[in-house]
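Have a look at the structure below, then the notes.
Labels A, B, C, D, E and F are assigned to the chains in the order they are written; within every chain, residues are numbered from 1.
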Amino acid sequence: MSKNMTPEKITQKDLHGAWFRWWWANEVPHAFDRYISPSLLLALMPLLRKLYKNDDDLREAYHRHLMFFNTQAIWGGGTITGIVASLEETRANQIANNEEVTVTHDLINNTKLGLMGALAGIGDAIDSGTVQYIFIAIALPWAQAGSPMGSLFPWIGFTLVTYLYGYYFTRNGYKLGRAAATELVSGKKMTAIIEGLSVLGLFMMGIIASSYVKVASVFTLNISGKEFVLQNILDGLLPGLLPFTVIMAIYFYFSKKGIKVTNAILGLTAVLGVLAWFNIL
Amino acid sequence: MSKNMTPEKITQKDLHGAWFRWWWANEVPHAFDRYISPSLLLALMPLLRKLYKNDDDLREAYHRHLMFFNTQAIWGGGTITGIVASLEETRANQIANNEEVTVTHDLINNTKLGLMGALAGIGDAIDSGTVQYIFIAIALPWAQAGSPMGSLFPWIGFTLVTYLYGYYFTRNGYKLGRAAATELVSGKKMTAIIEGLSVLGLFMMGIIASSYVKVASVFTLNISGKEFVLQNILDGLLPGLLPFTVIMAIYFYFSKKGIKVTNAILGLTAVLGVLAWFNIL
Amino acid sequence: MSKNMTPEKITQKDLHGAWFRWWWANEVPHAFDRYISPSLLLALMPLLRKLYKNDDDLREAYHRHLMFFNTQAIWGGGTITGIVASLEETRANQIANNEEVTVTHDLINNTKLGLMGALAGIGDAIDSGTVQYIFIAIALPWAQAGSPMGSLFPWIGFTLVTYLYGYYFTRNGYKLGRAAATELVSGKKMTAIIEGLSVLGLFMMGIIASSYVKVASVFTLNISGKEFVLQNILDGLLPGLLPFTVIMAIYFYFSKKGIKVTNAILGLTAVLGVLAWFNIL
Amino acid sequence: MELTVVQALLIALFVAAVQSRGLGYATLTMRFSPMMTGLVVGLVMGRVPEAMVITAGIQLVYMGVIAPGGSMPSEPAVATAIAVPVALLAKMEPYEAIAIAIPVGLLGGYLYQFRFFLNTFIIRLSDKFAEELNDKGLWFSIMGLPIIVSFALYVPVMFLALYYGAPFIAEFTAANASSQLFHVLSVVGGGLAAVGIALSVHVIGKKEYIVFFILAFFLAYVLKPLGVTMITYAVLGSVLAFIYVLVTRLSKD
Amino acid sequence: MELTVVQALLIALFVAAVQSRGLGYATLTMRFSPMMTGLVVGLVMGRVPEAMVITAGIQLVYMGVIAPGGSMPSEPAVATAIAVPVALLAKMEPYEAIAIAIPVGLLGGYLYQFRFFLNTFIIRLSDKFAEELNDKGLWFSIMGLPIIVSFALYVPVMFLALYYGAPFIAEFTAANASSQLFHVLSVVGGGLAAVGIALSVHVIGKKEYIVFFILAFFLAYVLKPLGVTMITYAVLGSVLAFIYVLVTRLSKD
Amino acid sequence: MELTVVQALLIALFVAAVQSRGLGYATLTMRFSPMMTGLVVGLVMGRVPEAMVITAGIQLVYMGVIAPGGSMPSEPAVATAIAVPVALLAKMEPYEAIAIAIPVGLLGGYLYQFRFFLNTFIIRLSDKFAEELNDKGLWFSIMGLPIIVSFALYVPVMFLALYYGAPFIAEFTAANASSQLFHVLSVVGGGLAAVGIALSVHVIGKKEYIVFFILAFFLAYVLKPLGVTMITYAVLGSVLAFIYVLVTRLSKD
């Protein structure tokens, strides 16, 4: 019975399975508030099952990966899937062996938050912005000549190539995570690293928030020929005021009433919807 | 005799008096070096009399509010008048009760410096820049039709409305100050807050200095068709060099010779005047 | 014999010698990797001989001044020559007297790094950019009239004037350094100052690196009319990526293989040369 | 236009599959580029070579399209599915055909956003299944339901546009009520990320660290005109984090 | 022009009252907008409806005028006090009349600055009365004297301009000697804030904290092209202050 | 052109002396301004007054030239040494003559960079002599060798250009192979500073402080559009250093 509680080892096959599931689910469940976190959960699900034999730990892990997450599929998704897999493995082992749990929930979370934005920038520029169009540009003359290869070559080529190096990133991410985790477990710099990751994670979250949360007023008043553009006035006060207000409002709602996400979404939808309907937002 | 030394309570009426005096004096004593600090002193004078029964404390308080101060009348002036009133009250009580004086001279000062700029930004944008012109725009057609209401409506309307919410800010500022002060007195975070306010106060002072102190050279040399524009050369070295030099010169003058403000003003007037006369500044 | 080990005093004549040698050598040995550090070594050589009677200390000092160094000759070179002379003197005395050596190798180095950029900015703007052209502009009409004075006046005038105030800066730099060093020796703020100088030195080094190290790709791909400009893609990822990569590559090369500068230069020349030849850089 | 019901349906299904992203990252190129859609239309209509030529022309219009962080105004796959038949049947130039397809592409973009909106509620289901450790439920709510929703959104629209002609859709898109609805949808969409972000910030360990969130948020607004890249921010954030740790921890030894 | 002495004096007194700010914040709209001045001129001249129409025209010229932190080049109230009579008597269009009034408005601006300059010395008196805890003295030096000074500056100028005509003032304003004087005045004015600021910085408790003053000062110059707002700076300053405290105090527990 | 061998050689030697910087800072004006070169050419050709007039015309072209941190595309002294004889002998206008001299000035710039490149290896010698405490060797490697190298580079080029005419050089400069060589040289030159900088960073005491190097490096890229001056950076760097010390050391008492 106690034997049963030991985390199983994560194999190469597990890793590939995770990568494939991530690759497949990718933007299917894309949602306004969490972006594509469910895809990451789907990717990790079987691994987490192998690692956490205790339902409470498993549940916590499931919820962890349903949190806000967005990145580019290959560079970001591959690398992070790998890293997170190894971090979860280390964490599961620490829990099972009753060791001090240095790979905390926050550490895993902040690692994701800290990496996802920068890797998305890399991936979007390289994969979507460059590699894709190199394939297309090569095949374009074939299409202009009426050949179906003009369509098939860029699609198959790009898909294949990115799949392959995405998996490479997954494996490397896993190794990287293992190496880091091993050092972390023993190292006494652990607290420092956790704190550093928290700072970085929250910093990147702020940057991401500034571009993902878009709330602006379209309200204008034209009295006797003078135009009052509300958004201009707000920008003269504090650019970013409205999105920040919305974020903080929900933050304080959670602080006061507990984490009631559905309520927050319905409430926010209602408020924004009404304001938008009356052309205030 | 000792009874006499106890600070009197600040009443609603006192607060309204302070607000009215501030509102009235506002920009009457506007001066180049202190801006409108005297108006704040005038506003607080009767309150300070009620609070500080010891002449030395009172004198210190009077001088405190003659220091550099500028803000917008309603949002800045209202709020700050209220906050300062409550801080002075707490301070006076701490002195009278021989408690540790946590509401220090620096704390009051830095609170003012930290708030005045941002609140001026809000007030200028909203009151002078928007509300005023909404009233005017509404009344403009009446004026175009020849009716005196076109003049009276915006004047009375704007004056009345701003007076009312300015007073509202004063009362809220007072409550806010009381709440903060109460927490401060007991809280052990006091030192942290004082230090934070010092940092903020000086930071905002630097921002304000960069826009209020305007010293620039108009000196140009044209030799054989080549133009030497002194200010361009200075901007290539360190933008802000001249105003910073002037501020630091006076700072060191005060450090060496003591705080001789009249001398500083006369000296600076003489130096700048002469340099301006010869078109160097 | 032990007497022999005492540092000799640095005289006015020594200082002038140092200034003259610096002024003379100035940009003669200008090299891509170290810029004009050898000139500073040449300037200080005789002084260092007088100060360090122990060969190891002397050797260390010689090497110290062959490190990366660049500044403008008069404002930067004068001032820094003076300051460094006094710092070396203090250091030599501390070593000879078996005192605690507060003027460390790092302190001298960071002082140079921290000052050289800003003083170069001043000197370039004032000497090369203004004073030189004032002399030229004055003499231009004489040249237009066919007189050799049009050439001689700006040359002699500028050279003389800058020589003189450059020497003045050297002497003042020396005094400044002495004053600072004296205070440093005794003061307990020593560690703080050394740390502060390290931070400043490295910060300025980063700024300087960003403008001195120029590595950019000229690679473009034009497939079926679509242009792929590699440098644009890199700038979309992280501006400064290539120069930073080069710097860090060499940094890690030194960390792993020891400080093999010749190898680094040859290797880098080869790599960059080949990439440039094939129009990648 | 003269497409048969079956032809129109086949094309509609293909577009719905692409827009659902149901084939994973393999749908990226399919969504951003018109090439595959053009080929499929050609196959369905039995006129591959001509379709390829037209599609190559459309590709030039959409060269360089990417959608960092989500949606874009016009969906290339959607517009192409209309434009190629139009060009084939009405013998138009590719760019003229695209002009006709634009309102449909626009509607395609709104539907993509609407899909995000509906998924926002589907995730509540995932939350529930996660709580119950119900893996089948998770598969259903993460993959199944969102794909079904996508098909429900795209198939009818594409079919109608293909069968009854693009103007039919254009009218709807331009109609006052619907454009106001789209406005509401995009405002709500723009704001809902706040929930996910507030949640992430809320669950962090040390409450004081929210200051770094605030710093980054307003810094990003201040520096917006300088076009700072995400990786540059990551570098600066790491530097900040390192200095913070240096100052609070490491310097203590 | 044909204003009577009494008419000219009445208008001059009104303008002086506005420019002295002696009626408190109620004078803000009076100074920034021509409306009230126009009405008063209309009343004094007994031609209210016409004056209102002209003033409405002038208002359009001054729409949006505000003066954050102090002075502005041309004073609307001053210019209006000249422009309305000109327009009424010479049957000019409002904007033509304003063109004539501009030099007087300019002089009005200089006088407003000169008022600040004189107040700079009057504050010395307030310092003295504060030292003596002399409340009456403070009332006098804070309210009384500045108002008197304002009237002494504005009444003669406005009266002369109204009675003898704007060109009379225009000549003086344009005269070489006076324009050089105005230059000196504005340079001195631009520099004197340094005294108040140096004083504030000087009296702070911890001398080392001056570093935050320096930081902000030069940061503001570096970021000037980005148009950072005062509130954004306040947010960044608060973040800085909080991190400073976090690092030096709170992280110690 | 009809310069004698001796005349051509004399001018070539002068230019080489200037470009070697062998007369110390006295060569700065000689390099940046055409004036002294013009005079020397005039003396050598025995036509000083005419040469002066032409040189004054050239000076206007080069007004304001400075080279912070090193090299510039065209070297005024080199170009002038060609342009003045051309203008004198072919009776051209100064600006026409400069147009002809431009390729030579360009080559002069490349040689200046090539000089830096060769010096990069000469410094290895200095490193060795420093290790041996060999002062004579240091004088040789710091002053002697670099000057010899300069003469070896500049004398032949200048002589050929002056004796056989500028087109001779122009052809070489424009030749495909050599322009590719120049490209390689400037790329290598642009990169080699990395060695010196990596070295400086490597020898610092505390490894963690490299974070400040990284901060500054990327900050400089972020703020590039704002044109922040070196002194402003020095002020900000000092502020940062001071705050760092304040936080880690001083605040501990």
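By our rule, contacts are C-beta pairs under 8 Å (C-beta built on N, C-alpha and C of every residue); 3 or more make two chains touch, one makes a residue touch a chain.
Every value quoted in this text rests on a predicted model; they were computed, and no experiment measured them.
A.B. asks: Please give the intersection of the contact partners of subunit B with those of subunit F.
C.D. replies: Where subunit B and subunit F share a partner, that partner set is C, E.
A.B. asks: Hey, how far is the Cα centre of subunit A from the one of subunit C, in Å?
C.D. replies: Each chain reduced to its C-alpha mean, subunit A and subunit C end up 46 Å apart.
A.B. asks: Express in whole angstrom the distance between the two chain centres, defined as the mean CA positions of subunit A and subunit D.
C.D. replies: Those two chain centres are 16 Å apart.
A.B. asks: Roughly how many whole angstrom separate the Cα centroids of subunit A and subunit F?
C.D. replies: The computed centroid separation for subunit A versus subunit F comes out at 51 Å.
A.B. asks: Give me the residues of subunit C that touch two or more other chains.
C.D. replies: 121-122, 129, 133, 136, 140, 225-226, 236-239
A.B. asks: At which residue positions does subunit E touch at least two other chains?
C.D. replies: 63-64, 212, 214-215, 218-219, 221-223, 225-226, 229, 231-232, 235, 242, 244, 247-248, 250
A.B. asks: With touch defined as at the top, which chains are paired up in contact here?
C.D. replies: A-B, A-C, A-D, A-E, B-C, B-E, B-F, C-D, C-F, D-E, D-F, E-F
A.B. asks: What does subunit E use to touch subunit F in their complex?
C.D. replies: Counting only subunit E, the residues touching subunit F are 208, 211-212, 214-215, 218-219, 221-223, 225-226, 244, 247-248.
A.B. asks: If we count contacts the way the header does, which residues on subunit B are in touch with subunit C in the complex?
C.D. replies: Touch list, subunit B to subunit C: 221, 223-226, 228, 233, 236-237.
A.B. asks: What residues of subunit C sit close enough to touch subunit B in their complex?
C.D. replies: Checking each residue of subunit C against subunit B gives 121-122, 125-126, 129-130, 133-134, 136-138, 140-141.
A.B. asks: Per the contact definition, I'd like the list of subunit B residues that touch subunit E in the complex.
C.D. replies: Per the stated touch rule, the residues are 23-35, 38-39, 41-42, 45, 49, 55, 58-59, 62-63, 66-68, 70, 73-74, 104, 106, 109-110, 113-115, 117-118, 120-122, 124, 127-129, 132-133, 135-136, 139-140, 143-148, 150-152, 154-155, 158-159, 162-163, 166, 191-193, 195-216, 238-240, 243-244, 246-248, 250-251, 253-255, 259, 261-262, 264-265, 268-269, 272-273, 275-277, 279, 281.
A.B. asks: Please output the residues of subunit C touching subunit D within their complex, sorted ascending.
C.D. replies: Contact set of subunit C toward subunit D: 225-226, 235-239.
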